[in-house]
Amino acid sequence: MNINDMTFDDMIKELESLDIKDMYLNDFFLTWEKTDDEIKAVWTVADALRNLRERNISTKVFDSGLGISLFRDNSTRTRFSFASACNLLGLEVQDLDEKKSQVAHGETVRETANMISFMADVIGIRDDMYIGKGNAYMHEVTQAVQEGYEAGVLEQRPTLVNLQCDIDHPTQLMADTLHIIHEFGGIENIKGKKIAMTWAYSPSYGKPLSVPQGAIGLLTRLGADVVLAHPDGYDVMPEVEEVARKNAEASGGSFTKTNSMAEAFKDADIVYPKSWAPFAAMEKRTNLYGEGDFDGIDKLEKELLAQNAEHKDWTCSEELMATTKDGKALYLHCLPADISGVSCEEGEVDASVFDRYRDPLYKEASFKPYVIAAMIVLEKFKDPVKLLKDLEAEGKARIHKN
Amino acid sequence: MNINDMTFDDMIKELESLDIKDMYLNDFFLTWEKTDDEIKAVWTVADALRNLRERNISTKVFDSGLGISLFRDNSTRTRFSFASACNLLGLEVQDLDEKKSQVAHGETVRETANMISFMADVIGIRDDMYIGKGNAYMHEVTQAVQEGYEAGVLEQRPTLVNLQCDIDHPTQLMADTLHIIHEFGGIENIKGKKIAMTWAYSPSYGKPLSVPQGAIGLLTRLGADVVLAHPDGYDVMPEVEEVARKNAEASGGSFTKTNSMAEAFKDADIVYPKSWAPFAAMEKRTNLYGEGDFDGIDKLEKELLAQNAEHKDWTCSEELMATTKDGKALYLHCLPADISGVSCEEGEVDASVFDRYRDPLYKEASFKPYVIAAMIVLEKFKDPVKLLKDLEAEGKARIHKN
Amino acid sequence: MNINDMTFDDMIKELESLDIKDMYLNDFFLTWEKTDDEIKAVWTVADALRNLRERNISTKVFDSGLGISLFRDNSTRTRFSFASACNLLGLEVQDLDEKKSQVAHGETVRETANMISFMADVIGIRDDMYIGKGNAYMHEVTQAVQEGYEAGVLEQRPTLVNLQCDIDHPTQLMADTLHIIHEFGGIENIKGKKIAMTWAYSPSYGKPLSVPQGAIGLLTRLGADVVLAHPDGYDVMPEVEEVARKNAEASGGSFTKTNSMAEAFKDADIVYPKSWAPFAAMEKRTNLYGEGDFDGIDKLEKELLAQNAEHKDWTCSEELMATTKDGKALYLHCLPADISGVSCEEGEVDASVFDRYRDPLYKEASFKPYVIAAMIVLEKFKDPVKLLKDLEAEGKARIHKN
């Protein structure tokens, strides 16, 4: 059945068929720590929540409760996606703005995590800047609240949604992939398709690796032929490449690498051209920060920008797009994109290409609030099937009927 | 019937008599883009919502949903008014703080508008600093979300409330005028009254034109004799003066201009003395900003302050107040006022005048949350009459009955 | 009956026995302005709200409404406690961030207080930095909204929760004491116990006096032997010592002072070692600020740090803890603590002591949201007994039943 024809009941049936018992009271760190069933459950619940909202049926499953957000980097879309997801479920967002807090004045992670969690049902964290740090920090937080819960300090154990770490960007890639699934009519239709996750030139410095890593870690599970393309020296974390390799093997797809953008684009069904910083350089930067060597960081930044500038030909041009499957590959981006002649002189993508894909790109982004909400539902409710059925049966209006 | 004696049923009857079908799924930019019926509907719904709240009846018409706010200038009362209005209706405010966002990093208005709107039912924007920019920006935003809605990106089309632009300050003036209406016992009692919208001296620089412009654009619709007074050179936008002239003609009132504060105050029933910057100077400043000419801006600021200082006699003194109708004109201000001897050495108003009108001034401000909520209700509900009746019939307590 | 065995019905019975009629529509400034019954009512309602939440029963008594917060100092735990309390009751928090507001531009306290309060049911303020200012400011705010209410500007009169002033930190101490009561099995078991509120060394400057003052002002009401210990020159406000003396007399306990930490710890049942600045120095600093004498403030800071450094032996060491009752006194702290070898070289407490008491310390903090919520309930509802009974009878789920 084409996924776009699925009714709410079809979604419920799909969800009933999945083994998701380990998601309850658990966290969402990396997609590859989740089973295929668990991944599918997130997509199915996301679609079901959207279906209910489209029919003006309230999905407010919390009468009160907080969703704590902690952004260690500027953010528009992830911030609003998290806020939207929490609002959709009835949680009020409280942002832990570290500048307004006493975090810097001697509080440990363990202490802060407990202090903000007395009424917290979920914690969303974005911490993607330092290799080896972000994901580790999230684990420290969940460990802390787990201990607080076991010690009777917390009445509920807030669960975590990884809003981007140094390794993965699960809410982004889960949304991107749900978009692909809807565009292709179903998960089974991705099998055998060619997906190019490729580096692209940007005049800016130090873009996180979490998107390309998240992409090869998730898309290889769909039985597709995933190609990772980047100039020499722009490697991602080797551990994640290993994940991609294993996933591809298990799914009957493939995972290959190339240093040619043209090769990656050739006959591709889906392309995801996006800039990122070399893993090794990011690791070096993290160490320089640790040593407080700001001159070293300045020097590194200049080197990286110079290195980037050698690869201005890595851009998603009309010419390259024409070489994709029927010249009509699905173009993906996590946004904001560096658009040549619009947001920068030379960038990741031609303005005409970007313009043509604007609506699909925005649709791609529109899945993120639902994906986050689905993660929360699966983490906080033992029987999501019953929950969704109850919500439909209760049929409370989101907007007062008029 | 005196408006202060109207029951909830009277308000419903009033609302039933108005043609408001074009307000549904529409925006609120400028008062003079709305028909008389539409303007009256906002006031009537505002009064009805207040009536319900006073009787502890919940007006929470959204079970979930976001109200997005975007303030491009500091704000206390408008910020809290918007937050109060959203809360009253069940929307959670999410503030788009551009400093915390990636807006500066290459996102277009179109992109940002869509990215924040997946769960947004309403967007409130304050952008009043640059002539020719604020209102245009708001139109760009609504255009963007309209396109997003039509393309299926957004499930609902968030509507806009103009929280102050370079041309009008509709929530302020609608609240001010509703205050006048209640003070005079009804809209019909404003006919033939003299209203003085006059410039007043302030030691600060560059106060927005939106209040005097909004005032002459709205108050001329009530059949009153509206006088705009300011020193030579402090003109407002000529287009808005044209609006005022046409309104006055249609309503059977008048619109006149003078360079004498005394003349404006003479026998006035209502006075609104307030500082603003000359339109031509604000236009110049906008251009200097556009050119990045900060020395030019500094120079302009000094010139303007010197120019202001030539008109220190333009102040709402006890002497001038004594010349108004029975010495008791209704004194209006959008707050905060520059009070002589209190918040500045010499300012817009004598301390004793301000003190005498403190309670009415605060009442004036108290209408703003309800006016904003009324705009939202009229934009989001096809049948506001039925909605209000339903709310009263349901009679859900705002505060738990006790 | 041991307080930890009390059922919800027992709490209701307890509450019925208390005279709390003066709390309704009143504020909470200082614990010693409240009767014993009123203090007990806060604790009982706090326990009852917690009991309901633990049974997944919603305590959302406001369908809409705002809780305004105003923090004039950085804050994590108080900020989140206030947000949690408001959320628990159904109020949405709106933070008055003075940097984003026009407060500095000529608004009076009276004006701001009214402008933010149109939909406000409660206002929480933290203003602890300047001796003679914080509490006075809070009174100014409540006076302003009282006048606004009486003048018909405000439809409801927002009540105040003191989130820390220059004199007292009632939400902290009420939470600390409720923690003690639960640890000792009941209020009656505190009688005759020895409680040591003692100064401790910190390498930082100017910690507020509100905690030690709040402690001696509240704990002396329980019939305990309260000892205030600090080095010579670290006196707290004499007025509060006078309160402590009178309280001790009335309760059958005692209030004594010493300049020896060892004497205070000897056989103590409870210890609260915490740094603070000398009252006289804080008063001097306040005056220097008033005069804009920033050089003087710098000089004072250096003097105070040098003075602090003479008392590094005032630390909650394992050796001192061993001298307490059975070597197992209950260790209290308002957090964050200056932990020797962890958050500073030498500080208030040994790392091993802090670690051993980590869970109890976090439990201590966990009472604060409930204490704040209880204050709000008692201020806003005429018949809290009926309210709590109603909530239990209605039995609405906080998290959707699953």
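Think of it as A, B and C in the order they're written, each chain with its own count starting at 1.
Keep in mind that, in the parts below, contacts are C-beta pairs under 8 Å (C-beta built on N, C-alpha and C of every residue); 3 or more make two chains touch, one makes a residue touch a chain.
Source: prediction; values computed, not measured.
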item	value
Category of the chain touch graph - line, ring, star, complete, other	complete
Interface composition of copies subunit A and subunit B: same or different, split at half	different
Distance between the centres, which are taken as Cα means, of subunit B and subunit A, whole angstrom	41
Two or more partner chains touched - positions in subunit B	92
Subunit C residues touching subunit B - in the complex, by the definition given at the top	61-66, 92, 94, 96, 100-103, 105-108, 110-112, 114-116, 118-119, 121, 148, 151-155, 380-383, 386-387, 390-391
Residues of subunit A that touch subunit B when the two form their complex	50, 53-54, 58-60, 71, 74-77, 79-81, 83-84, 87-88, 90, 92-93, 204, 335-339, 342-344, 358-359, 362-363, 365-366, 368-369, 396-402
